[in-house]
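Labels A, B, C, D, E, F and G are assigned to the chains in the order they are written; within every chain, residues are numbered from 1.
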Amino acid sequence: MKLEPLSDRVVLKQLEAEETTKSGIVLPGAEKEKPQQAEVIAVGPGGVVDGKEVKMQVKKGDNVIYSKYAGTEVKLEDTTYIIVKQNDILAIIK
Amino acid sequence: MKLEPLSDRVVLKQLEAEETTKSGIVLPGAEKEKPQQAEVIAVGPGGVVDGKEVKMQVKKGDNVIYSKYAGTEVKLEDTTYIIVKQNDILAIIK
Amino acid sequence: MKLEPLSDRVVLKQLEAEETTKSGIVLPGAEKEKPQQAEVIAVGPGGVVDGKEVKMQVKKGDNVIYSKYAGTEVKLEDTTYIIVKQNDILAIIK
Amino acid sequence: MKLEPLSDRVVLKQLEAEETTKSGIVLPGAEKEKPQQAEVIAVGPGGVVDGKEVKMQVKKGDNVIYSKYAGTEVKLEDTTYIIVKQNDILAIIK
Amino acid sequence: MKLEPLSDRVVLKQLEAEETTKSGIVLPGAEKEKPQQAEVIAVGPGGVVDGKEVKMQVKKGDNVIYSKYAGTEVKLEDTTYIIVKQNDILAIIK
Amino acid sequence: MKLEPLSDRVVLKQLEAEETTKSGIVLPGAEKEKPQQAEVIAVGPGGVVDGKEVKMQVKKGDNVIYSKYAGTEVKLEDTTYIIVKQNDILAIIK
Amino acid sequence: MKLEPLSDRVVLKQLEAEETTKSGIVLPGAEKEKPQQAEVIAVGPGGVVDGKEVKMQVKKGDNVIYSKYAGTEVKLEDTTYIIVKQNDILAIIK
């Protein structure tokens, strides 16, 4: 059982607090959007979105920083995922 | 008697609480939009919507996650349907 | 004396409560928009609307579900009509 | 002395209450926009408006239903006119 | 010393109350925008404005009706001018 | 040390109160935007801005009227500059 | 470990207060956006962003003025970065 995101959407799984600490990432509170570190679980096909060609730039397994408020939480078989549009992913952590 | 959605609209039928529990999907409350699991009942023809070509990506029978607040509830012969635009469907559950 | 809607507008006549009951349609209150069942009385010519080609998809006599708040009520010779844009029609009931 | 509307604007003259009664049109109060019956006095040239080609669909002498709040009242030589964009005219009464 | 408006802007000089009375124009208060009679003092070159070709339709010396709230007042050598976009000019008075 | 504005931005230096008085310009308070007289210090390269070709129409040394609220103040080596988009410049004073 | 910004995003590192003082830049409080001086750390690839071609105009090492409220703070290995869109960078300091 898995989530297949539509168009330019991306399914993320937030990194747990422990992992976050290990990786040395601290995400301070921001007023308008809380950046979050997450792993990419599934990537939509991209294509024409709202009349504009969108090419997917992230891939499964990437660690990314995203804007929390843009996403939607979904719990599937005891795991919580976040579905965002690729445009809400700010950067890849390498 | 059935609903034929126009353009890029999709008719959904929410999965009942029992089914939701069986499938292991739990949808936690989110402030801005409540994701929902539903079955696709009817799919509009797509085509040019608001001046942009839209290709339908879901089909009758798909189980999907959608954003509740974007839709409109309609009760037809004792069944409640939700009519959403395809863009309000976030992912297909497989 | 009749109404000829401009561009992508459609003139609707709401189905009366009795008819609504007969057809088995119940329209529960929704916070943002109240869906309504109505009969299509007149259809605009479509064409280029706001710089985009619009093709009319409903025809006179269709029973449709529409979003009430988008329309404008007009009373002409004791009959109340609602003028909506085609985009405010969600589905055709067949 | 007369008003020559620019681009896609139309100069209207509201039908007087007496006339409105004669024609059998009653315009019930609506929360968002009050539809109004008026006669078309002058029509702008249309053409490219906001980057989009607009073709004028009403002509001098037409009786129309328009959305009041979109227009601007102007009093010229004791007559009150309303200047609206053609897009604020909903239908022609024939 | 004079004002050269950029792109699709127009410099207007409001007609004085006396003149307004002579010309028979009375401008009743409107809630959203107060129409105003003014003389065109200078006209911008038009051209591509916000990605769209704009052709200037008014010329120096025209008497026009404009929407007050869209403009900016500037006092230059004891004369008050109003700078508006051409789109805020509703009609030419002839 | 100097500021090189990006794309369609312009660096302005407000004319001092003394100069303003000398030039005879008085800028009355307006509710939505306070027009301001300023000298152009540096002009961005223009080019494609937000998908639209922008051609710069002001040059270093021009005296201009601009809308204050659109700009951003920056103090560099004891001088205060205002960075605006060219679209916030209403007219050139000649 | 480093941040690779997507599309037209830019990773900035704010100049410390000491440096700011040395460079003579003082950034007065503004109501809507607080301009900030920062060093460019990483630059996204640009390309088609929201359907429009964006060419990156800043490069690693540039000192820039940016609008604070548009960005997102991220702390990575004890360093705080700000991720902005290039459009939120107002000028390069040379």
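Criterion: contacts are C-beta pairs under 8 Å (C-beta built on N, C-alpha and C of every residue); 3 or more make two chains touch, one makes a residue touch a chain.
These numbers were taken from a predicted model, which means no experiment stands behind them.
K.L.:
Applying the touch definition from the top, give me the chains sitting in contact with each of subunit E and subunit G.
P.N.:
Correct list: F.
K.L.:
Can you give the whole-Å distance between the Cα centres of subunit D and subunit E?
P.N.:
22
K.L.:
Per the centroid of Cα atoms for each chain, what is the distance between subunit D and subunit G, given in Å?
P.N.:
Distance between chain centres, rounded to whole Å: 50 Å.
K.L.:
Can you work out the whole-Å distance between the CA centroids of subunit A and subunit C?
P.N.:
Each chain reduced to its C-alpha mean, subunit A and subunit C end up 40 Å apart.
K.L.:
Could you say which residues in subunit A touch two or more other chains, in rising order?
P.N.:
Where subunit A meets two or more other chains at a single residue, that happens at 51.
K.L.:
Given which chains touch which, is the overall layout a line, a ring, a star, complete, or other?
P.N.:
ring
K.L.:
What order do the chains sit in around the ring if I start at subunit E and move toward subunit F?
P.N.:
Starting from subunit E with subunit F next, the chains run E, F, G, A, B, C, D.
K.L.:
Within the complex, which stretch of subunit E touches subunit F?
P.N.:
So the residues of subunit E in touch with subunit F come to 1-7, 9, 11, 42, 47-48, 50-51, 69, 72-78, 80, 83.
K.L.:
Give the list of subunit E residues in touch with subunit D in this complex.
P.N.:
23-28, 30, 32-33, 35, 51-53, 55, 57-58, 65, 67, 86-87, 89-94
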